[in-house]
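Data first, discussion second: the structure below is written as structure tokens.
A, B, C and D are the chain letters, set down in written order, and residue numbers restart from 1 in every chain.
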């Protein structure tokens, strides 16, 4: 049945989009134990930066294909500027505080960035749809899909593969894994936790911004676009298990598929399908799908 | 010999391929003081964890005063009259020493809780630290507080997990004397894990030697310390 | 009955001062204080949870439930009596907490927070879908009577204010006594060391469950009060940002005293009101910055400024 | 992409606001009229609705104070009394809005409140206005419930309620596609989206009972990703797709749906499409049916007031005036008319009496306060179809529906009216 195929394709596209955002969130939580509410703002910043850069690129009359480079550049810029600024300028004074207090710190950052974005870009929508249409479209199961969506899936797979490889194969990745698993021991082993934090937060910010930058051509960039994304990404990482990369992948897939199925078969429940899944998963597996219960030494 | 307060039969616990306790069958008589010795990982703490319900045995049974308590939770075991102290003190860090005890006495008997807490505070010599927050107390005091809390619930069987670890060598004897004095005043059966053989010799009427999850010797302390296996495997003497 | 201690005396004096002063407050201020007191009840319930080591990002669930329970009494049964509305709200939020609490009782830390959030968002989704209840627009509630006696519009304002003030004082004194009781003392014990609590023979689950229900009851009551005061309810009350704001005010207040939530709540309402008025375009930034300043410089909450003992007051 | 930097814009507005406040001469004989304006200044609704409305208010109040409006409004102030403004952000939910409303009335002592884009806020604020006995003009919110579930003495609404848009939409598409068989909808999952769809669906079914609904999609507000929804729309093969999306969501939907052929396959009707026309421009495929919630923006009649507003707004803000600005103008001009009819220095009660059941000229034509005992306005509604001419999007096949045709008669609830009488009124 073509319908089922459509559900799966829509689900995969949505999952890919979610994964790019959620993986940054889970990375930051895994390493720094910060559930970063400002992640949504970084996503929005990525989108705004992408809209501005692509807009300039195109209005300067340059080759339209260069706009893809602008999207990536926007994400990198936001990551490199905002990540270190917030980690060095604010978060480092907060380490050691309670997890919940840290959530509130990032909530404050989120509030401030919301208004800051408004001051810089105004409340009007921006949009740069050129990169979306440029790649053309293809037809699957009688439905038309833009190639851009397929590209999004590829990017998401690349991000996932890069993470899997980096964590397993590279020295830096192994250090990161060590910090995720045991912060104290890794500090005792002489790992420069300070540097790891800075790199992690920058990378996480960059990933959120990538999500935003890649989304920018498909939407209009408006104030408040980050709010919905945060809770959605939260749901994904909580379902998958906080701090787990495989969990972020599986969580994205589950949320994407459930949402797609809801839209096609039962549009009335779409609004809370994600939360229902989250509640069910948490009740069945209290720490999410990919997180073992830690034994306590007494 | 008095009736057995604790009885285990074929008690085993495995974690994957590792046997933390294998086939432990013992009887502990009421109103005795028993020392548990053995190297690290020999199974002493596992034994305490099994008896107090923190771990569920893979096989075997535990009876307390004739009643099967094999799969009960720590809370239920505690309510029956078995309590324990911990290697790492488990106290309420943000509460004062007095409040720590008050939490316990409040659970047991809400009417005379305050009085009971003061009594125990005094008996353990903790009165000077009454209003200090537990999180900032010196380790030796925390250790005492931890043991005092085990006594708050008026147990008939008390299991002490390394009561003198983390305490300076000079203080060890004093602490152990204080503890046993306080405990014996309440006519409690005591099992204690201890590395210091001097302390074991001095206080234990009976000694159980653990090695590799098994009990390799059981008897009066002189006899156990004379055992060749114990000397080699537990006390750590090299055969000459 | 033992004699009231210092906290209880302040609470009672505060109540009398409020009841007397309320008659002279201008209307806008009366409304603001009423709202702050009602919301203070929610923050007080979070204080209880925080003392137990728990933070809920889904307290909007009970806040909204209480409000809708009160609203539906008016809408469906056409009863405009404040007493009936509050009682029904209390009953409904307790009943839901009895079930949800069972599920939540074994969760801690961020997972408790997130599962609570999931439940509140499910309620939000259900309400948004309920066209009969006005979807996101919600509906209006009118109080016409209190415990049988009918009310004029002016006396209604003062009555709701007096109700909120009395509930606040009663809840503060009640909570203070509860926290000082043997049962209440288990809250910080659970937060500090669950293992030891179990080895003292008490059930951690039961403590968490009980405290969740008490917190839900207070929050449901506060939701109903807010509904009566504002005169309008909508699903936004269950949205996660509402819950997040309560947590923020709880952190702002600190957990040192049962009076802190009301003070924190009042200060927050004032801060927001002024930020709205003087900086309508950047009020979020003002609130966010205030939040960071408090977390940085007053890590134990605003009460640290007032508390005689900086560290911890039992 | 060039647009004014809002920071400076904001500062400029503040400066104007304070200038307006300072303008009153010391010891003047007429007391100034202080107006509290509540619109979205933050959040998603700020860009498309809140800020154009605020700009409209600024522009009009300045012109009114200067007496530079075209006739019949060429006199200064409200009967000579200068106006000053106090702005409040509508964001933050109803609880906050009720609180802010009280603050506006009792602390800032405004003489009249003009505001509220969200129907939830309108519903919440109306009873408070009654309690505080303060003249309050709702200028933009859409829900018919406000005056159908209650009656108010101090509350007015100077724009028509939203059922008009859905009924007009149903009339337009049934005329456009007489062979209509299948419809589908994609609307935001909140009161506005739900009401819009329900009214549209029942209007269509009243007009053409055989029409079948293939799917009604209700994505979350601001969800931004409509891939699955678009697939669901496409696979039902509907003749008409109805959407009351606005701003960000609307633009995202158009951007995502156009390349996937939704607009080619079905006739898409965007009931609030006008706010996005200027920005989306040629991105909106030809043949899309566009509404403006009344005779506003591109559909505004060619009268002197409209020519003034269009030019002054564009000159000042660099963008075309959209319907929220028109709605704001309706509210302020209605008030000016009532104040002047009541006479200089008249009390609030007289102003209310003058406003009740009045009619007045606006850039959107004549507004009549015909419903809810003279408290609810009716206006005509207009739909048209897009056609790109030389890269500029224009509307063709424009049809105007008189106010009486698309609004229920006095005393009848919208839902009953649509179900029972729509067929006959046609």
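One rule holds for everything that comes next: a contact is a pair of C-beta atoms (placed from the backbone, for glycine too) under 8 Å apart; a residue touches a chain by one contact, two chains touch by 3 or more.
Since we're looking at a predicted model, the values are computed, not measured.
Visitor: Starting from the defined contact criterion, work out which chains touch chain A and chain D both, please.
Guide: Correct list: C.
Visitor: Looking at every pair of chains, which has the largest contact count?
Guide: Ranked by contacting C-beta pairs, first place goes to A-D.
Visitor: Could you work out how far the Cα centre of chain A sits from that of chain C, in whole Å?
Guide: 33
Visitor: Nearest whole angstrom, what separates the Cα centre of chain A from the Cα centre of chain B?
Guide: Each chain reduced to its C-alpha mean, chain A and chain B end up 50 Å apart.
Visitor: Per the centroid of Cα atoms for each chain, what is the distance between chain C and chain D, given in Å?
Guide: From the centre of chain C to the centre of chain D is 37 Å.
Visitor: Quick check: how many Å separate the C-alpha centres of chain B and chain D?
Guide: For chain B versus chain D, the centre distance works out to 76 Å.
Visitor: Spell out, as numbers or ranges, the residues of chain A touching 2 or more other chains.
Guide: 114-115, 118-119, 227, 268, 271, 298
Visitor: Which positions in chain C are in touch with at least two other chains?
Guide: 128-129, 195, 281, 283-284 - these are the residues of chain C that touch more than one other chain.
Visitor: For chain D, what residues touch not just one other chain but two or more?
Guide: Each of 41-42, 189 in chain D touches at least two other chains.
Visitor: Can you tell me which positions in chain C touch chain B when the two form their complex?
Guide: The contact residues of chain C facing chain B are 182-183, 185-186, 188-189, 191-193, 195-203, 311-312, 314.
Visitor: Over in the complex, which chain C residues touch chain A? Could you list them?
Guide: Interface residues on chain C, with respect to chain A: 55, 103, 106-107, 109-111, 113-115, 117-119, 121-122, 124-126, 128-129, 195, 240-241, 244, 247-248, 251, 281-285, 287-289, 291-292, 295-296, 299.
Visitor: What residues of chain C sit close enough to touch chain D in their complex?
Guide: Within the complex, chain C touches chain D at residues 26-29, 31-32, 35, 128-129, 131, 134-140, 142, 153, 226, 230-234, 236-237, 242, 269, 272-273, 276-277, 280-281, 283-284.
Visitor: Under the definition above, what is the set of chain D residues touching chain C in their complex?
Guide: The contact residues of chain D facing chain C are 10, 41-42, 87-89, 92-96, 98-100, 102-103, 105-108, 118-120, 123-124, 126-128, 131-132, 143, 145, 149-150, 189-192, 194-195, 198.
Visitor: Under the definition above, what is the set of chain D residues touching chain A in their complex?
Guide: Those in contact with chain A are residues 1, 3-7, 9, 41-44, 46-48, 50-51, 189, 215-225, 227-229, 231-232, 234-235, 247-248, 251-252, 255-256, 259-261, 279-280, 283, 319.
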